[in-house]
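First the structure, in the form of structure tokens, and then the observations on it.
When the chains are written out, they are named A, B, C, D, E and F in that same order, and each has its own residue count from 1.
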Amino acid sequence: MTNFSRSDEFLRLSDGEIERLFEEDIRFGDLTTRALGIGDQPGRMSFTARQDMVLCGSDEASRLLSRLGVHVTFTAKTGSRAAKGSLLLAAEGSAAMLHMGWKIAQTMMEWASGIATMTHEIVLAANVGAVHIPVLCTRKSIPFTRQLSLKAVIAGGGEIHRLGLSDTIMLFAEHRAFLDKSDDIKNAVMRLKARVPERAVMVEVTSEADAWLAAEALADVIQLEKFEPAAVQRIVKQICKRSDNRPLIAVAGGIGPKNAADYVRAGTDTIVTSAPFYAKPQDIQVRIEKL
Amino acid sequence: MTNFSRSDEFLRLSDGEIERLFEEDIRFGDLTTRALGIGDQPGRMSFTARQDMVLCGSDEASRLLSRLGVHVTFTAKTGSRAAKGSLLLAAEGSAAMLHMGWKIAQTMMEWASGIATMTHEIVLAANVGAVHIPVLCTRKSIPFTRQLSLKAVIAGGGEIHRLGLSDTIMLFAEHRAFLDKSDDIKNAVMRLKARVPERAVMVEVTSEADAWLAAEALADVIQLEKFEPAAVQRIVKQICKRSDNRPLIAVAGGIGPKNAADYVRAGTDTIVTSAPFYAKPQDIQVRIEKL
Amino acid sequence: MTNFSRSDEFLRLSDGEIERLFEEDIRFGDLTTRALGIGDQPGRMSFTARQDMVLCGSDEASRLLSRLGVHVTFTAKTGSRAAKGSLLLAAEGSAAMLHMGWKIAQTMMEWASGIATMTHEIVLAANVGAVHIPVLCTRKSIPFTRQLSLKAVIAGGGEIHRLGLSDTIMLFAEHRAFLDKSDDIKNAVMRLKARVPERAVMVEVTSEADAWLAAEALADVIQLEKFEPAAVQRIVKQICKRSDNRPLIAVAGGIGPKNAADYVRAGTDTIVTSAPFYAKPQDIQVRIEKL
Amino acid sequence: MTNFSRSDEFLRLSDGEIERLFEEDIRFGDLTTRALGIGDQPGRMSFTARQDMVLCGSDEASRLLSRLGVHVTFTAKTGSRAAKGSLLLAAEGSAAMLHMGWKIAQTMMEWASGIATMTHEIVLAANVGAVHIPVLCTRKSIPFTRQLSLKAVIAGGGEIHRLGLSDTIMLFAEHRAFLDKSDDIKNAVMRLKARVPERAVMVEVTSEADAWLAAEALADVIQLEKFEPAAVQRIVKQICKRSDNRPLIAVAGGIGPKNAADYVRAGTDTIVTSAPFYAKPQDIQVRIEKL
Amino acid sequence: MTNFSRSDEFLRLSDGEIERLFEEDIRFGDLTTRALGIGDQPGRMSFTARQDMVLCGSDEASRLLSRLGVHVTFTAKTGSRAAKGSLLLAAEGSAAMLHMGWKIAQTMMEWASGIATMTHEIVLAANVGAVHIPVLCTRKSIPFTRQLSLKAVIAGGGEIHRLGLSDTIMLFAEHRAFLDKSDDIKNAVMRLKARVPERAVMVEVTSEADAWLAAEALADVIQLEKFEPAAVQRIVKQICKRSDNRPLIAVAGGIGPKNAADYVRAGTDTIVTSAPFYAKPQDIQVRIEKL
Amino acid sequence: MTNFSRSDEFLRLSDGEIERLFEEDIRFGDLTTRALGIGDQPGRMSFTARQDMVLCGSDEASRLLSRLGVHVTFTAKTGSRAAKGSLLLAAEGSAAMLHMGWKIAQTMMEWASGIATMTHEIVLAANVGAVHIPVLCTRKSIPFTRQLSLKAVIAGGGEIHRLGLSDTIMLFAEHRAFLDKSDDIKNAVMRLKARVPERAVMVEVTSEADAWLAAEALADVIQLEKFEPAAVQRIVKQICKRSDNRPLIAVAGGIGPKNAADYVRAGTDTIVTSAPFYAKPQDIQVRIEKL
């Protein structure tokens, strides 16, 4: 699984973000440890996979533990597949600091690995025979989590559909509502290309008729919103691709590990999904012991 | 449903947090709107429930739309029950600003209402006959979302179990690992009470034997981690409560809408859960039209 | 000049950014005003163009003055052409607050209008006959000024070439240096399209030979770096465009108001420039008088 | 004095907070050093106690000096008792950096040690014979200093009474003013326990009559506001404690090193105080010499 | 008392700073209000002086209450003299919001008014007969409070001695330690004037001999550190002033309301003090009642 | 050129500022590197001067590259003169990180060195024979860049005229407009000296008549705004200096490398300029190669 093993190279949470996690949880330390008077005791903490998963969040966990003065002795790579029972992270430090970092690190890794793992499941489902269809995640991540959510997507072998509203052109019906003729996709695409010719023009359509209009308008990407695989197949069969394989067909709306393969078989070029953002967290066991 | 209808009074996202949402998504505006040249057109945007839900996030949606210069004409209250088809928020403004606010507002409300709704389902499940057991959510919220996650919990009728590590005493086995005698719960509780006598001492136990030790140690709350309802019932029946109903019995671990009632019937005093943080988002329809 | 008159709709400096400007200059007020004891005197302040310009920064100036409690009575629109002598902004308030806002507002408008005006000059130069070539500004803005710099570009009628490194694909020779065969543009473009098929693939070339390789590789945009107009013309004449007008020809490197038309005549599809970021500030006169 | 010697383990100022201190004082360096042209000269700086004190702030001083590139060669521990004349911190670096860090470090240590030392004085005063009564500091710290103020309290052997409004239940008369019957403490406590049963319910009372009502209401903590020791003693003698020593008696209002022992002798269970936040700063001598 | 009545015009806490105060205390609301279920009740809150004071912090209190949705009906001016019993601020709002803002507002006003009042006492003490000597406060404010501390100083009729290290030239012996001849004040002052001729050169001296060297060196300000009034008088009598009254004599070190007049009588030109930063907070009574 | 070689000692960009640069450009990594799958390849990057320059920004470039995990092997000093072709910075790291840091580092160094180099040109021009006149830069830096702009000024041998509005007294006609008699400079200066006697009083004048009024008023600095050298000379010849060389004559308005010497010859004491803030960026070549 080398193709997604170095996502840690690409997305970097700032130190400020790491410290936000402290602020959420441990602003005044672990009261229990302090009240017990055990803070100075040296200890060891290990994180182990309780189920097979694609790991994400271990770099950040390592960084946050280090900032607490904990010595991290092992970190599995973001994007690696971790089998049930395998070690993800190990660290040594004072009881005070181990307790302060424990749950923040655990919750972050469980959540991020949940996204990475489901993304990977969709990626696997999208590999039908020799065909490998890119899996692209939307900008509908849970509020405040955009950066780490997208890192987890990439860790799972996916890519980013849109970073936000400012980096891509996606023509919605809600845009066309403000045009003189809201059904004139051709004119809309022309205007978009005239103003921002470098960027790909993506058009979201919710009917086959609109898909044909988008194709005619020389859209770069036609995003079929909530189409059945059969309808996708009809479009794919009839569409006339240009020499550079444009227009690209993208499918979106309710696609996950279970039905991704159906769309691949129907001939889509890419899968667009928000499902991983709400994936179940992966289960990670933490053990803390006295040294 | 008055008891949770004013959570908006209690938890207030800072303006800086609101602006973080802009930074995640619309730093340089909606490229599509700008390239189409439709930004100045006046329009109307409405958010409608596509399913029954307990609403959360509408105050923040309203505040963020207002910051964009959009005029919000209607906002349903955080914590209110919204029936399928009911209006949640309505606003008027320029096409540019409506498009900039659309998805941020929608995603936030869908996510937060998901938490509120599942919390409320557990609250309803915990109402068995005349008994109303408090539902308390843990500090295991998704990273970076602590504040709005807990607001949603309260909107759904729940309360906060622990704000973080610094405000409550919770004795874990992982703390006792650093004591001379790690099974001496009594001594541990005494040390905690001597140092921080005002706060309630909560003890997490994973066996019935430890539950009895905690009771003997005069713990204020005994948190039963992953106990079957039958085991909970055994403990509740035999435990000797003090005149102030202490020790309180709390159950935690894998509790959600489906099994909450079983624990209530078993006699628990409170339910502790992390389930709502990973609730499915609620489905909200957005309509944008030209004025 | 309606086509770029509403850029203020699209790019919004956060309140936090506005307050950063205060922190840079007036953290402890205007010492001179305070020491003179004139702070309470009411006054009027006006900003007037000392030369013809395309205005930018007036919205932000208005917002920052308002935050100081100054009443802004007139604001010319961002993106509007202001003739020499025309009023740009007028405000009334206490002497203390007028003096606190004066130079911040003036310096910001002079600088941002400098960018907007030069961008507009290039836009005008790029209008040769009936041809209107888009003018796109790079990500090489002065450090810490990205957001307002790009707003000024749009105010001047330009658009954004790349928001940053994460939103567009631009294949540099410096990327190819890490491939097995650094001159195999075709293979590189294929890899890019396979992984991120939705986005346009832009290839920077510094020789005609590489331009042809990029065309053959089905690049979406071929960016000619520091090519003479004659060389551009040779390429444009011979290149075979696909039905969607791809590959697009972009020219970059040392292009400004004086030579833009040469490149348009040579047949380029777009102009890419960093020149406006270092434009001379426009001259704005400020008058302050007692009321 | 081991019991408070490791408070540095528990409370951690973020890097961002450390840099705020730079922003307050040395944003553009030490103008005098620069103008003299002596910045490159190597030097040594030492901080020495001019009076007996409990030290706080040395960790933060060490961190901020290190960020300036100064090599810290010795740091006395937060929470340690420093005798007059003893070394607190020693460092070597360039004249420029020593001068930049000097006063920030000194002022911080003098202030924080002032809080720690007075807290410790109250702790000592609260040790009457074999009785060791916990000293708890309120949330009335000087604005913007909460985190380091509370660290200093713990360094001095105290603990935190309330982190803020959100983590503890404290029933004030000002709350009861909004109830139907403002003198019905019993009903109020019942409502609080029903909604948030896990947390201790603290009730502030200003009369003996109310103290009895609070006891009857099964409050967990009864906080006697501005009671004379004699009145405290009357209440302690008559109150009926539950098996877990509840209700706890806390005294608050005007308590400091001089009168703490009187309240201990009167039988209070804890002392609640804001006095240390306004303690006189401790006197620390700084010597800087050329190397 | 007009001369210091409009300090609110000059120093402005950013919104971000205001929100930091919320973060310190009420991140998740007032748990007690919420648990009682009284949050929606309308109420009134008033702040009244319990002693004569110079007020500071009322603007900020008003702004923070307003941000909570509380309607402020009256605010006494920063810098005004408030007699015992006089109203400082009045507001109306929901019980939830009144309780959230209460203590933050009270603590801030008590602390800031403490600084303002003691500054004013020193200012009054420095008015001996017809002579009005400026009172200047140092940069030794309590960490994190620089901005509001200095506002309070100005509210009390004082001024700022040094904003920080970067804005003024103050030659300490600790600077001279790095010169070839550490006692050559003349050469040091010459170097300072050559490099930064515009700024006043201040020299701190701890002996009369050094004072004469500083005078000879044409220092602009000679700051006498911990000199007895008698010694000050000797220097003042003998020193030869230039036509612009330079060198100015400043006294510093242990000066407060009690001994300021002695130094004025001794002939000093200004008083430099850090005493107000550790002033006792002023006592402000808060009343909350149901509407 | 030793006198400005250690400016890096004096001005320190915070880590938060460094991370802002990442946020501007590489929030989600270099998409091209990631899509090519070359991120793990080791490489080397070097920055070389393409023209003679005074270097600035290399410290910050080094810090930001280090934060990305790149190993910096060489950094030329801020403030050093770099000849065309000389190495400025060299680093080794993964292709992913080199590409992420490349342009941020390059753009920052090119911009900052542009300011430093032009400042230095003015400094050289101000060295006429044996006379070395200080060159002081104003507070009119480009918005958001104050700190690094002023560092570059100092790197080039200049100094800071005013940090902002709060640290210096500069009497403008715009201040006098609020006085009873707006032409009474004498009275204004007296008021300023009475309130803030320590600081130098600077007076901006736009006519010779006002210059004489300012001199008579015992101003410390008379700033001649947009005076011809001949007029400056007239004033210098006739003005009566006090023994400490006050009043200082400063010239401002349109002064740059070309005309600075004229003003020095006319006898000015200092040169005040904003020109370097808009200097052309210096040209720096970057080479990236595979290791």
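Please note the rule applied: contacts are C-beta pairs under 8 Å (C-beta built on N, C-alpha and C of every residue); 3 or more make two chains touch, one makes a residue touch a chain.
Just so it is clear, the structure is predicted and the values come from calculations on it, not from any experiment.
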item	value
For subunit B and subunit D, chains touching each	A, E
Required steps from subunit A to subunit F (each step between touching chains, minimum)	1
Chain pair showing more contacts of the two, A-C and D-E	D-E
Farthest chain (mean CA position) relative to subunit A	E
Subunit C-subunit F separation of Cα centroids, rounded to whole Å	24
Separation of subunit A from subunit D, taking each centre as the mean of its C-alpha atoms, in whole Å	44
Subunit B and subunit F: spacing of chain centres that average the CA atoms, whole Å	51
Shared-contact residues (touching 2 or more other chains) in subunit E	15-16, 26-31, 33-35, 37, 100, 159-160, 163, 166-168, 195-196, 199
Pairwise chain contacts, counting only pairs that touch as defined	A-B, A-C, A-D, A-F, B-C, B-D, B-E, C-E, C-F, D-E, D-F, E-F
Touching residues (chain side subunit B, partner subunit C) in the complex	15-16, 19, 22-23, 26-31, 33-35, 37, 39-40, 68, 94, 96-97, 100
Sites on subunit A touched by subunit B in the complex	17, 20-21, 24-38, 41, 43, 95, 99-100, 102-104, 107-108, 111-112, 139-146, 148, 164-172, 174-175, 177-179, 188, 191-192, 195-196, 199, 278, 280-281, 286, 288-290
Subunit B - residues contacting subunit E, complex	3, 6-7, 9-12, 14-16, 147, 150, 154, 159-160, 163
Sites on subunit A touched by subunit C in the complex	132, 134, 136, 159, 161, 163, 166-168, 193-200, 202, 218, 220-221, 242-246, 248, 250, 269-270
